[in-house]
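Note that the chains take the letters A, B, C and D in the order they are written out, and that residue 1 is the start of every chain.
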Amino acid sequence: MIPAMSLTLSDDRYGAAGIRVLRVLRRGDRHEVRDLEVDIALEGDFRATHLTGDNRAILPADSMKNAVYALAGRHGGGEVEEFALALTHHFVLEHDPVTAATVTVREHRWARISISGRPHDHAFSRGGDERRVARVRRTGEGVVVEAGIEALPLLKTKQAGFRGFLHDRYTTLPETGDRLLATVLESNWRYGWPEVPFGLHWQQVRQVILGTFAEHDSRSVQHTLYAMAQAALEQCPPIAEIRFRLAHRRHEPADLSAFGIENDNEVFVLAAEGEGVIEAVVRREDIWI
Amino acid sequence: MIPAMSLTLSDDRYGAAGIRVLRVLRRGDRHEVRDLEVDIALEGDFRATHLTGDNRAILPADSMKNAVYALAGRHGGGEVEEFALALTHHFVLEHDPVTAATVTVREHRWARISISGRPHDHAFSRGGDERRVARVRRTGEGVVVEAGIEALPLLKTKQAGFRGFLHDRYTTLPETGDRLLATVLESNWRYGWPEVPFGLHWQQVRQVILGTFAEHDSRSVQHTLYAMAQAALEQCPPIAEIRFRLAHRRHEPADLSAFGIENDNEVFVLAAEGEGVIEAVVRREDIWI
Amino acid sequence: MIPAMSLTLSDDRYGAAGIRVLRVLRRGDRHEVRDLEVDIALEGDFRATHLTGDNRAILPADSMKNAVYALAGRHGGGEVEEFALALTHHFVLEHDPVTAATVTVREHRWARISISGRPHDHAFSRGGDERRVARVRRTGEGVVVEAGIEALPLLKTKQAGFRGFLHDRYTTLPETGDRLLATVLESNWRYGWPEVPFGLHWQQVRQVILGTFAEHDSRSVQHTLYAMAQAALEQCPPIAEIRFRLAHRRHEPADLSAFGIENDNEVFVLAAEGEGVIEAVVRREDIWI
Amino acid sequence: MIPAMSLTLSDDRYGAAGIRVLRVLRRGDRHEVRDLEVDIALEGDFRATHLTGDNRAILPADSMKNAVYALAGRHGGGEVEEFALALTHHFVLEHDPVTAATVTVREHRWARISISGRPHDHAFSRGGDERRVARVRRTGEGVVVEAGIEALPLLKTKQAGFRGFLHDRYTTLPETGDRLLATVLESNWRYGWPEVPFGLHWQQVRQVILGTFAEHDSRSVQHTLYAMAQAALEQCPPIAEIRFRLAHRRHEPADLSAFGIENDNEVFVLAAEGEGVIEAVVRREDIWI
C-alpha cells in the first residue's frame, strides 16, 4: 500500500432491480391488472459501509421489495408515475440517510380478451414486449417525472429513403429513395411539472409518435426522430424535453439475380452489420415565459 | 478399439434454423407484411457423410437459405402453411437423397398503426412475442400439416381454483377456490387433410382457445387445457388432433400481514418454484366415419 | 357440437421446470458448490382432472419444488445423476397415481478462483453457459439414466473443409478445403445400466468429445459428429448410445476486395442464413453379448 | 403549431451496435482467435439531417461495419484497446463532420482445448459469458481509454455477513454473520494515459479483483466493492479511477423446518426480490504529483 494515496468515492448508489408485482383491481365484476416491474436506486452518504462495513445507512433490498408490495395496494392500481412518486416519497422522506431516490416503474401491458367483439371482464392476453415506463427522481429540492415507452418495434414499407450521405473509402451502400424502415423505439420525456394527467398524456404522446412515424416522409432515421420529437412537444405542452433512442434494423432486398428472379422490393432480409443506433434529445426553449 | 463393436446410425437429420425473411405485398397503396422465420430439417440416407465425409447427399444450409429467399416471392405472401408446403415440395421432390422434409414457418405478427381510428396503409407496429406457426412434414407417402400458436401469455383473475389435490409430506400449498391463473400457451393442431382455408381456421381456433380460456370455470390447468382442446375439436372439423403445452406461472398474494396490511387478492407476486408445465394431446376418434 | 364425437386424451404429463437450488458442501474449510436446475415431468392416469377437475391425482408443482429442496440436503451434493435418481424414486414410489417420472438435473458449473496459482477454498467464478445434465426416467419396470452436455461452444480454425456437396439451382456456396468450423454442441448419452461412476464417465466423455473435435480432419459437420460419437462409444463401455445436436454457426471470410485488402482467412464474419442444425444418434449393437 | 416555440437539439449521436468479427491469427501452426463485438457512436454537428433530411454529415452504419472488417486485419489481432484506438482514429480523423467518436470493443473469450494436459494449437471452447471490454473516446482534444470486465458471476460461501443495517417498517430480513454472497460483476477502469501494456494490466486488474473478492471479510456488498477498488488502484498505478456495478443475487437458506429437516447453510435458494444493484466509482487523488 502506498501511504500517500488518497481515494475518493463518488457516484455511489444502491438499490434493487426487477421487483415484479401484479396488482389486480376489482371494480365489481370488471377487473383490471397492472403488471409492474420496479427498479430503485438510493443516494446519500454511504461512505461508512464502503470504508468500514458500518451498515447503519444501508436499507436491505429486501425491505425495498417489501415496500413495493406494501405500497402496491394503495398506489399500484393507478398510473405508473403515481406509484413511482409514492415510492420515492417513502424512500426519501422516511429514511434519514437517503438524500435522493430514483424509482423506475415499468408496466407490461395486458389487453382484454375479446369474445364476439365484447371485451371480457377478467381475462387478458399480453400485448407484447412494449412497456410503458415512468421514472421519478426525488431529492430534497424537488421531484422530476419522466414517462416513456420501451421496446416498441415499428416498420414502414414506403415513404422512406436514404440519400446524399457521407461517403468514405469503405462506403458501398447504394443510395435509395424507397427503403423499408424498421426500428425498435425507446423514448422518454420529462414533464415540466410533476402533476399532470399522466395516463392521458402517455396515450397522447404514444399516438403522436406512432402517427408521425407512419406519415412522415423520412429522409433518414434522424429526420424521422426529430419529426416525432417536434410533434410530441408541439401537441403536448407539459413536456419539457423528449429523448429518443432508435435501434435501426436495416433490411435490404434479397439478391436473387443469380437465380434469374427479379426482386422488386418484395423480399427483404435483415442486413448483417449489427444494428444502427440513433439518439437525440429535443427540448423546448420557450416554456415558463 | 474393440474390433467386435458395430455401430448404428439413426435419427440423423440436418437442416437450418432461424432463417428470417420479410415479405412485403404491395396491393396498390395498401401494403401487407409477412415477417417469417423458417426452420428446415431433411431426412434421407446420409450415412456416407457421417462415415467417410462423402458429401454428395448433403445440401448446404446456405442453399436452403437461398431457397427460402427465392420461394418467398411467390409463396411467402400467402398463408404460412402454404409457404411451408411449397418449401417441403422443393426439398423432397427436387433432391434425390432427401426422403422427408419438415419445414416450420413462424410468423411474427405486425399490426397496422391506427391514426384517428383509421388503419394506416404502410406503417406497422409489432404485436408481441406471440407467433403463428405452421409445420409441414412431407415424405414420399404424403404430407402432414400442423398449425399452431407459440408464446401467448394469458391471464385470468376470476373463475379459477385449485382444490382437492394430492398431498404428500412436502405439500404446504393451501387449497383455493379463487386464484389468479397465468400461463404461457403453446398449441399445435394437425389438420386431417392438407388443404383447408388455413388463415380462416387459424383465426377460428385462436378465437376458440381464447374464448374458452376466458369463460371456463377452471378447477386445474389440466381442466382448462382439456376444455380448450374439446372446444377447438368441436368447432373446427378439419382438426384431427390438438396438442397443448401450458407453462403455468403461479402467482400468490403477497403476505403483508407483518405490516398490518390486509391483502384481499389485490397484490400478487410470482411464486418462486420455477414454472409448472402441463402438456396433453387430445384427438378425435370419429373422423372419416 | 357433434354428439357422436369421441375424444381421446394422450401424451399428457405435468410437472415443473426451472427449479433452482444451490447446494453448499462444507468439508472443513474446503467448500464445494452445486448450482442445480431441476425439471420434473410426471405420467399416470390423470384423466379425471382433465375431464372433471377432480384433482386427486395431481401433486402441486409447489410440492415438487419442496421435494427438490428437501432432498437436496442428502442427495444434491453428489453427482447430478444420483440426485435425479433420488427424485424419480420419490415421485414414482411415494405417489400412487404416478406411473412414470422423468427428472432432468442441470448443473451450472463454478470454478474455484485461483490466487497465485492456488485454488481458493470457498470463492468461485462461473465457468460459462455450458451445463452438465442428467436425465432419469423411471417407470414401474425400471430406470434409464442419461448424461449430457448442453450449450458448449466449440471452434477450430484448421483441419476442416466442406467439398463435393449436393448442388441445386440455389447453390452458390463455394467449396473449401480450409474453413473455420464453429458450433454449439449438445450431447446426451444413455448408460446401459443405471449404476456407473457418473462423475468419472462424464469427465471422460467430455474429454473424448473435445479431443476428437480438436484432432479430427473434418470433411463435414456430420463427419465430425460421427467421429465424436464413435470415440465416445469406444472409450466408454457403459454408454449404450449417444446423441448429438450440433448448431453450426457458419463463418465466412469478410469480402474486403472492394477496399483493395486481401483477406487470407484472417477476418471472419458470421454468415447470415440462420444456423445449421445437424443431429444424429449412434448406438452400439454388440453390448450384452 | 405554436409559432413561438423554439426547439433545441442536444445529446445527439449515431452509430452502430453489435458488429461481430472473428479475427484469426496464424503463427505457424499455432492459431489464436479474437472474437470481437464492436459498438460505435459518433458525435458532431448533425442538425441538418434532423431538421431537413440533408445527410451530408451522416456516414452509413454499413460503412462503419465495413471499416471494422477492414481494420480488423491490421488491428483486430492485438489488444482490444488498440483496436478501439485505431477505429476512433479512423472515424475522427478521416471524417470532417465527426468531432468525437466512442468505440467499445468487447472480446468473447475462447480457451484452448486441452488434450492430455497439452493446449491444442487450433481448437477452442468458449469460456463463458464474461467479456473483456475496451472503450475509447476520442475528441479533437485527446483520447480516453477505459478497460473493463462484464458479466462475471462470482460466489463465496464464507467470510461474508450483513449486520447492523438500517431498519424501517418493512424490514424483516434477519441479520447474519455468515451468508452466501453471489454477484455478477461489471467493472470499468480509466487509464491515466493512453499508452500502457493493456493486456498485462487487464490480466492484473482482473486477478486483483478476483483475489480481493475471495479473501475479503465482507460486511456488505459495498464493503467488498470498495476493497476491490482500493486494491486495483493500489496495485495498478496507471489506473486513474475504477467503477463497479455489482448485481447482488441474494440467496437464503431454504426453510425446511416444516418437513423436520435442519438446514445448516447447506441448501440455498435465490431470494425473490429482484436483484440488488450496488454501484460506485473510486478515484485516486494523488496522481500527477
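Assorted remarks:
Simple rule for what comes next: contacts are C-beta pairs under 8 Å (C-beta built on N, C-alpha and C of every residue); 3 or more make two chains touch, one makes a residue touch a chain.
Owing to the predicted nature of the structure, the values given are computational and were not obtained by experimental measurement.
Common partners of chain A and chain B, by the touch rule above, are C, D. Touch-path distance (fewest steps) from chain B to chain D is 1. Using CA-based centroids throughout, the chain positioned farthest away from chain D is B. Once the centre of each chain is set as its mean CA position, chain C and chain D turn out to be 30 Å apart. For this pair, chain B with chain C, the centres built from the Cα atoms lie 23 Å apart.
A straight line joining the Cα centres of chain A and chain C is 37 Å long. The set of chain A residues that touch two or more partner chains comprises 20, 66, 70, 169-170, 172, 259, 269-270, 272.
Contacts between chains leave no pair untouched here, as each chain touches all the others.
By the touch criterion stated above, chain D contacts chain C in their complex at residues 20-26, 31, 33, 66, 69-70, 72-73, 76-77, 110, 113-115, 120-130, 152-159, 180, 182, 210-211, 213-215, 251, 254, 256, 259, 261, 263, 265-270.
Those residues of chain B that touch chain C in the shared complex are 1-2, 4-20, 38-39, 41, 46, 49-67, 70, 94-95, 97, 162-173, 218-223, 225-226, 229-230, 233-234, 237, 243, 247-248, 250, 271-286, 289. Against chain C, the residues of chain A that register as touching in their complex are 169-170, 172, 258-259, 269-270, 272.
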